[in-house]
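For clarity, chains are labelled A, B and C in written order, and residue numbers in each chain start from 1.
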Amino acid sequence: MSAHDDLNIDRIANLARLALTPEEKVKFSAQLADVLTNIEKLKQVDVTGVEPTAHAFPIYNVWADDVATPGLSVEAALRNAPEKRDNMIVVPKVVE
Amino acid sequence: MPPLHFSTIAELSDALAAGKTTSVDLTRAVIARTQAVEERVKAFNSYDTADALAQAAASDARRAAGLSLGPLDGIPVGIKDVIAVTGQPLTASSKMLANFVSPYDATVTEKLRKAGAVIWGRLNLDEFAMGSSTENSAFHTTRNPYDLERVPGGSSGGSAAALAAGEAIATLGSDTGGSIRQPAALCNVVGLKPTYGLVSRYGLIAFASSLDQIGPFTRSVEDAAITLQAIAGHDERDSTSVRIEIPDYRAALRTKKGPWRIGIPREYFGEGLDPEVAAAVEKAVSFYEKMGCEIKNVSLPHTEYGVGVYYIIATAECSSNLSRYDGVRYGHRSADAKDIVDLYFKSRAEGFGPEVKRRIILGTYVLSSGYYDAYYLRAQKVRTLIRQDFLNAYDEVDAILTPTSPTPAFKRGAKADPLAMYLCDVYTIGVNLAGLPGISVPCGFSSGGLPIGMQLIGQPFKEADLLAIAHAYDSAHDWSRRTPNL
Amino acid sequence: MKYEAVIGLEVHVQIKTRSKMFTRVAAGYGHPANTLTDPVVLALPGVLPVMNKAALDAIIKAGLLLGCDIAPVCKWDRKNYFYPDSPKNYQISQYDQPICLNGSVEIELPGRARNIQGEHKKIALTRIHLEEDVGKLNHEAFDSLVDYNRAGTPLMEIVSEPVIKSAEEAYAYLTSLRATMIYGGISDCDMEKGQLRCDANISIRPVGETRLGTKVELKNLNSISFVRDGIAHEIKRQIAVVESGGVIVQETRDYDGMTGTSQSLRSKEMAHDYRYFPDPDLMPVKVDEAWKARIHAECPELPFAKQTRFQGDYSLPYTLTSVLVWDQALADYFEEAAKLAGPGKAQAVGNWIVNDLQRELGAANLDLADARVRPAHIAELVKLIDAGTLLSNAAKEVFVEMAATGEPPAAIVAKRGLAAAPTDTAELEQWCRDAIAANAKSVAEFQAGKESAINGLKGPIMKASKGKANPKLVDETLRRLLAGA
């Protein structure tokens, strides 16, 4: 059994917050299985003692001084908002 | 000199300086050309002629006042529609951002403005830069100007096609796994992916943050040097941008004369390589040999794992980067969501196309609980080995020469299978994984009249040397100056 | 059966910086909605984070103050989850390499009585890491409104080991932790403003059992008293469930401090899978010895250390130190006044501050910084009393006026003629002799070594003098006469 046999498309789509149609689920599952089979090749590589590369050229301590600079006006901030009221973004009622 | 819209930056900046033309005339010529061919090429998502002409007029006024800003002043530069320009649409060729207008400039946009460039047009791409053919655009498929039935490559297909068709004098693209170099090869233009960290990513819509890099498309290597000069350099808004001294790239084309040691990796000349592409690239190798360069065989033994590593790292990063497109603060919001979770599910389902969904699903999977070590962590380790392969090769050579794409432009719809499409990037992906600079330079045409490009891969932050090596070939050939019959 | 509680606290503390954690727009509280945003805060397409150096300094300081090990290298990870208050739908946090590990919070448990110092204990910490705060949801009748002003504020998460045994310990833990943060200038820790927030993981087990019971997470504990009350309530609830034959369910409960009740929050439909991975947009942080040394030099003396020092250097009783040391400004005020007053007068200075000054400030609703009475005034007042120039009743009057006007005490005494009349020594000596003659029992006790018995003689003298006798002279005279007797 290869690792991707248990690709649970519903669980993954739920984590990704993506609604998939039944057709998409079937199609994506098959296509991803192909891709994962190709990826399986990586298991052949001996990575003992190899450090992972998170950055091609790691540098440390890249920061800025704590100086406050002007941001966006409320108008600019909400310019692209699908729905707004009282200078805030409206979303369906969130039940905690 | 060719018509204004097919001239190089170098030619036009001389003409502007000599008063032989103006930026307004040049911009009008580019607009006229665009209006003439765009219906066939479909390279743009949008363009704003009034805004471009206003910038051109400002450039002419600067020049008249003796305040010209350099070789890019007054030159129309098209921008891939993933790079932010204040007040202009920023869509990533996605339904998700179809109505998004950027309230800010990317750092490269700011830098181009400082160099006087006329910011021109928003260029089509594969949705969120995911693809190798521009067929994944939610809006329309861009055509290859050399054969309208064929793709221009991707993801920066609009940037390559617009330039090849004379709809801009230079363009910017972004390259995550070959998205500048591959379309450049397929459209007969020069495409440069700089070293990771040389050009700021601030304002570039992220696909895979550890691989993405902005770079220019131009009509010559010299123009690539001019454009890179304007956009390179440290940016305090991008923590991954590197603090290094930026040399004079254009001057380096004349001062650095070789001969160089050029490496040929056998892994890049195997199965799947089109014989005409192989022949054209072999000819380029002979050119370097004749000019006195030492040609050496090098080995990049982990090449075959590149595509797998890439599709783990890139999809993992994209699954997280694209979470922000949720229909809450901006972007597409589903009209019939019954609660907040439903709003996420439906807005994203409606806003993203199939390739984006596929990559989000794959990326979410490889990061999910229980799989992280087997996929993501392992991929990061193999990435280290791939990078080490290149660095080992650079002990012996100054640059590596390969084909850019295994084949010339393919027909629209020819690669319906995602995996087949992913394999288009087999020669370009390693450069992104290793963070290296790579340039695609036109080196011939197939018997069917389709452009062929070769890739030169340089050492980290040694763009000056890479450009000089590429320029030696480009300036001795006229491939890059040929134009399509449209 | 006897049960014991096992409690772990997760405390979020906002760091007081000018700008946000990963972008330079201003951070702040109480601004109009969505006026503290920029493209990064709103997670617009194309933006990138850049670390705030001051937030790193602050967390290193917090770590040093709490005795943590500061990691030589730490990195940033993305915690992926969708929620409308989280603009990127991932939070930049630290997963497997937090900046601070181990360390502890010293607490004082309640003493046998209010004036008796309680037992001290150290509550071990697991870790402290740095992350970014989320925005704020305002729930309306039919929808919710999102304000991103708070989003991106630097936030520390301080995680204790599950070693807290009671609601009182939790209360003491938060009191001490908050004081430490305020002392360090790291945060104002105003819980009403959300600058300090606490979640508690609570389980119970039979005494003697070593395995942990099923834990319940208690949320929305928005004052330190509510933390204590909520935990006490939850422990009782769990014991009642178990004793009635029930089983504790792993869940999150919401405690309502106003009604003193809790209710289960709808459990999430699926277990969390945050898909942590290193954030490729940020570079790692390396903390060297020089950096730590520089921050160490900025670290203040903490309350318990100050308390020990005040008890030693100034001979202050616990009743005074337990008030003075928890407020750094008050402690500094005290030290300044005590130094100006000179040796031997610290306790009197402390009494004036803890009793009279605090009372006057409370009545006028003023902060210490705004007090008209300055440390020099207190010192002068104490000196006047000590010199016999000012008697205690008059001194109280002087203090009230001083608090109202800010005039120096000597000026008030002069203006209002409050100086004690110079006492006729012969008359005073007669009063003392009379008192000794009339109180043989007190005399005997004093001479037997009971120091306080001398006070039994002073009452009649004060009565005879109608309160005008200078207490210092009375004391001296009595002692002289008793010694000679």
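Throughout what follows, contacts are C-beta pairs under 8 Å (C-beta built on N, C-alpha and C of every residue); 3 or more make two chains touch, one makes a residue touch a chain.
This structure is a prediction, so every number in the text was calculated from the model and none was measured.
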* Looking at which chains touch, is this a line, ring, star, complete or other? -> complete
* Pick out whichever of the two, A-B or B-C, is joined by more C-beta pairs in contact. => A-B
* Asked: In terms of CA centres, which chain lies closest to the overall middle?
  -> A
* **Inter-chain centre distance, chain A versus chain C - centres from mean C-alpha coordinates, in Å** => 41
* To do: Compute the distance, rounded to whole Å, between the mean C-alpha positions of chain B and chain C.
  => 57
* Structure fact -> Taking each chain's centre as the mean of its CA atoms, chain A sits from chain B at a distance in Å of 23
* To do: Check each residue of chain C and list the ones that touch at least two other chains.
  => 39, 42, 50-51, 80, 82, 84, 144, 146, 148, 273, 275, 280, 282-283
* To do: Find every residue in chain A that makes contact with two or more other chains and list them.
  => 11, 15, 17, 54-55, 59, 62-64, 72, 77, 89, 91-95
* Asked: Which residues does chain B have that touch at least 2 chains other than itself?
  -> 100, 103, 210, 236, 239-240, 319, 323, 326, 328-330, 340-341, 344, 364, 368
* Spell out the part of chain B that touches chain A in their complex, as residue ranges. => 99-101, 103, 195-197, 210, 236, 239-240, 242, 302, 304-305, 307-309, 311-312, 319, 323, 326-333, 337-346, 348-349, 352, 354, 357-358, 360-362, 364-365, 368, 371, 374-375, 377-385, 387, 417-419, 422, 433-435, 460
* Structure fact -> Listed in rising order, the residues of chain B that touch chain C in the complex are 82-84, 90, 92, 97, 100, 102-104, 106, 201-206, 208-210, 236-240, 316-317, 319-320, 323-326, 328-330, 340-341, 344, 364, 367-369, 372, 376
* Asked: For the complex, which residues does chain A have touching chain B?
  -> 3-4, 7, 9, 11-13, 15-20, 24, 28, 31-32, 34-36, 38-43, 45, 47, 50-57, 59, 62-64, 72, 76-77, 79-83, 89, 91-95
* Across the complex, what residues on chain C touch chain B? -> 39, 42-51, 78, 80, 82, 84, 87-90, 144, 146, 148, 273, 275-277, 280-283
* Asked: chain C touches which residues of chain A in the complex?
  -> 11, 14-15, 17, 54-55, 58-72, 74, 77-78, 85-96
